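Structures given as structure tokens follow.
In the two complexes that follow, subunit A is the common piece, with subunit B as its partner first and subunit C second.
And now, the complex of A and B:
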């Protein structure tokens, strides 16, 4: 395993796509901080309060980006093992399929963490001097960051599974990117459905000079029972979690989220290794 | 005789297709084993199995005496280098970087051996050129260098000269001979380019429809590919009577052609044919080539 990781990190260091992804994450971090500063300048010139733009809202964007960028990276980096045939030489010199799988997983997870770090470093380095300190308490920021990094690692596990089990690099890339966007949009949809109020509160409005009072009534779109449990379960999955993390900024990020991410990573890795062991390689 | 690789009743079945059917073969230590068969005969499937890329449906194989079912098979594979179908090289890395990668995969502590390996395969001057920009022959040689990184005793090459130009074919041939003679590496080469194999192989295995049709040494093959005299006459029935009278072995090929398996005195044959009222039109000495031996062996028909 150590040998495979050593070889993998050497290749990572020489990988152009890795440096491009890292540069994109850092670049977006800088852009967000500068864009925030421009917005703050606009608000100031119009006499609005500075607090409308803070470093917080710029900082918490990175889980959206890390998953989206990680999907093509994992597909191309791991897919090259098949397209360039390197996986054959690893197996034919005696490395087990389990270690080949895990080494790729660790590399992809590391890249995920590095992508997050690149954004965080860039947004904080430029954002602090321009926008000032964050308003969210430090423990909440650290917990959010931890949850986001665990979720990115879980996504790396999902993408690694796809890339290892599919021998066609182009199909792998399409599958990983589609999955990343699907989970993101599913998260947005589930967030909207789960945020529906159970009861529309009593409303009063004036109509034709009369005060009309509408009594509180149940919301027909409110998701109930088993369906709500399923929706909530899906909403907790990595990818969909991105939206939930963003929605809980400033409040308490549920402690179950990293547990769900770890469970998803564990299950996908176990299934991936079992299937990979049985797979006929060309 | 000591064998590097043996297979016993090895079979591999894909959905509705039997790629290997009860294959038994033995690769002697120190040999260059030519694994001959048509496209789709099962050559690459066997190589995939012994490289651990696929599992056999039934049967076993041994590498250096270690059975494929034993855990130690993974350790033994470290004594093996392989180029399966296409060279296993990262196209976005240079030749030296590809070897560095493989050295790390193998846990070789120092990169000192890289220049020597590059020189061995004739790629010492490629510098910063990415493997993507290599010619097919250069990629093939780099693939062999990667396979040699672990200093193997057994090299498996799947169709190593496919698609190469004449110079590329000569380079690969000389490299294989050098590795076999100077480093005592046993080489298993699968190919359907018979002429090329005949310049290299010390042993042959002929495979057809997943089955081993014949296994023999180059010496045995030479004996089997008998020299003969191909004669063209006006009447082969008369020729047969004349040859029977001379007590010579022959084979009638057509109404006017026959192969005679003996050193004949042409004047004597002409006189004998004259007596039978037949004329000798031409006589040509022939060696049966590996190609014709192979065609006779597998003959286009299946071996059910």
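And now, the complex of A and C:
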């Protein structure tokens, strides 16, 4: 396992896709900080009353990007093992399929953490002098960052499972990228559905110079019962969690989210190893 | 060129990715109608839908399908060495490029047709006959097909100049999703209201009208024109407009889509002529 990992890290160091992904994450971090400062200058020049743009709004973007950039990386990096015949070589020198799988998983999870770190470093290094300190309390920021990193690692587990069970690198890339975006859009949809109010409150408005009072009424689009439980379960899955993390900034990120991420990582890894053991590597 | 096109069509007919895309398009057409009909039923008559509203929603996903199908289908030509074989038997590089571009467009038009057929076949019995004027529907059809051709020209440009199939898949797919997200962001910026209407207050029975405040996020002047141009130029921006059947100047949109086709095909053909095929 240690040999596989050191060989993997050596390959990672020379991997072009790794450096491209890292550069994109750091570049977006710098861009977000500069764009925030630019917007603040714009607001100030137009004389807006509240011309502040906080660093917080720029910092919390990275979970949206980490999963999306990790998906092509895992597909290309792990998929190269099939196209180059490296997997068969590893097995023929005596490594078990389980260790080959786990070494790839650890590499992909490490890349996920490095991608998050690249964004965080870049946005803080440029954003702190331009936009000032963050307003969210430090423990909340650290907890959010921890949840996001655990979620990214869980996504790495999902992408590794796909990449190691599918021998066609192009098909793997399509499956991973589509899954990453699907989970993100599903999260946005579920957030909208679960945020529907159960009852529309009493409203007063002016019509033809008269104050009209509209009584409170139940919302027909409110999701309830078993359907709500299913929606909430899906909303807690890694990928969809990105939206939930963004929606809970400044309040409190639920402690169950990292647990769900770890459960998803454990289940996908177990299923992946079991299927990989039976796979015909031709 | 005709021989190449015929050979491509024959290969397309036996390609599982193409039939998968056709299945997805047909399924989406049926799903959109059923979802719309069910929502109308659940609203109890408060909301109704028409088949027209669903007919061009394929514009929202045809770019993603093209980003998967074109690199998968034509990337195989590199990995199997078919491109070199075609050149060895005397076909010019440009004719290979154009045959692939036309085949890609034909595949995407067939996928669009599968969506429209599925949508109309189920939508007319469930949601009723078309309500929009035929001229508007035909303009949207022509414009959305030209937008599809623009997507195909971009993805053919990437695929024919990138020897690695997996890399071209990643570039096309990430580019397509990024372009869609970019288009949605620009759309929301362009749709921002010029003034923010405050709440009207009632103080002691007296109604106090609130003064509308200028919206600092409203785009004005050259900046607005630039954003509008980008929104109209991007095929993903056009797809947002055709999807909702709300497009301002169809001639401008079609002209820009044709320009995208011409620029990418010209650049792609030139680069492919100089490419080292190893």
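As a working rule, the second predicted complex is superposed on the first by the 275 of 282 C-alpha atoms of A that agree within 3 Å, B and C clash if a C-alpha of one lies under 4 Å from a C-alpha of the other, contacts with A are read in each partner's own complex, and residues count from 1 in each chain.
One rule holds in what follows: a contact is a pair of C-beta atoms (placed from the backbone, for glycine too) under 8 Å apart; a residue touches a chain by one contact, two chains touch by 3 or more.
Owing to the predicted nature of the structure, the values given are computational and were not obtained by experimental measurement.
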Which term applies to subunit B and subunit C once both are placed on subunit A by superposition, clash or fit? fit
For the superposed three-chain arrangement, angle subunit B-subunit A-subunit C (C-alpha centres, nearest 10 degrees) equals 80
Is A:178 contacted by the first partner subunit B, the second partner subunit C, both or neither? second
Which holds for A:61: it touches subunit B only (first), subunit C only (second), both, or neither? neither
Let me test your reading of the model: by the given contact rule, A:75 touches which partner, first (subunit B), second (subunit C), both or neither? second
Touching A:6, do we find subunit B (first), subunit C (second), both, or neither? first
After lining up the shared chain so the two structures overlap, which partner does A:170 touch, if you call subunit B first and subunit C second: first, second, both or neither? second
Touch test for A:188: subunit B only (first), subunit C only (second), both, or neither? neither
Thinking of the overlay built on chain A, is A:96 touched by subunit B (first), by subunit C (second), by both, or by neither? first
Please work out how little space separates the C-alpha atoms of subunit B and subunit C at their nearest point after superposition, in whole Å. 8
After superposition on chain A, the subunit A residues reached by both subunit B and subunit C are none
In the complex, the residues of subunit B that touch subunit A are 14, 48, 51-55, 74-78, 80-82, 84-93, 97, 100-102, 104-107, 146-147, 150, 156
Tell me, which parts of subunit A touch subunit C in their complex? 42-43, 46, 48, 68, 72, 75-76, 79, 169-174, 177-178, 181, 204-206, 209, 211, 220
Residue numbers of subunit C touching subunit A in their complex, please. 42-43, 68, 71-72, 75, 165-167, 169-170, 173-174, 177, 200, 202, 207, 216
Quick check on the complex: what are the subunit A residues that touch subunit B? 2-4, 6-7, 10-11, 14-16, 80, 84-96, 280-282
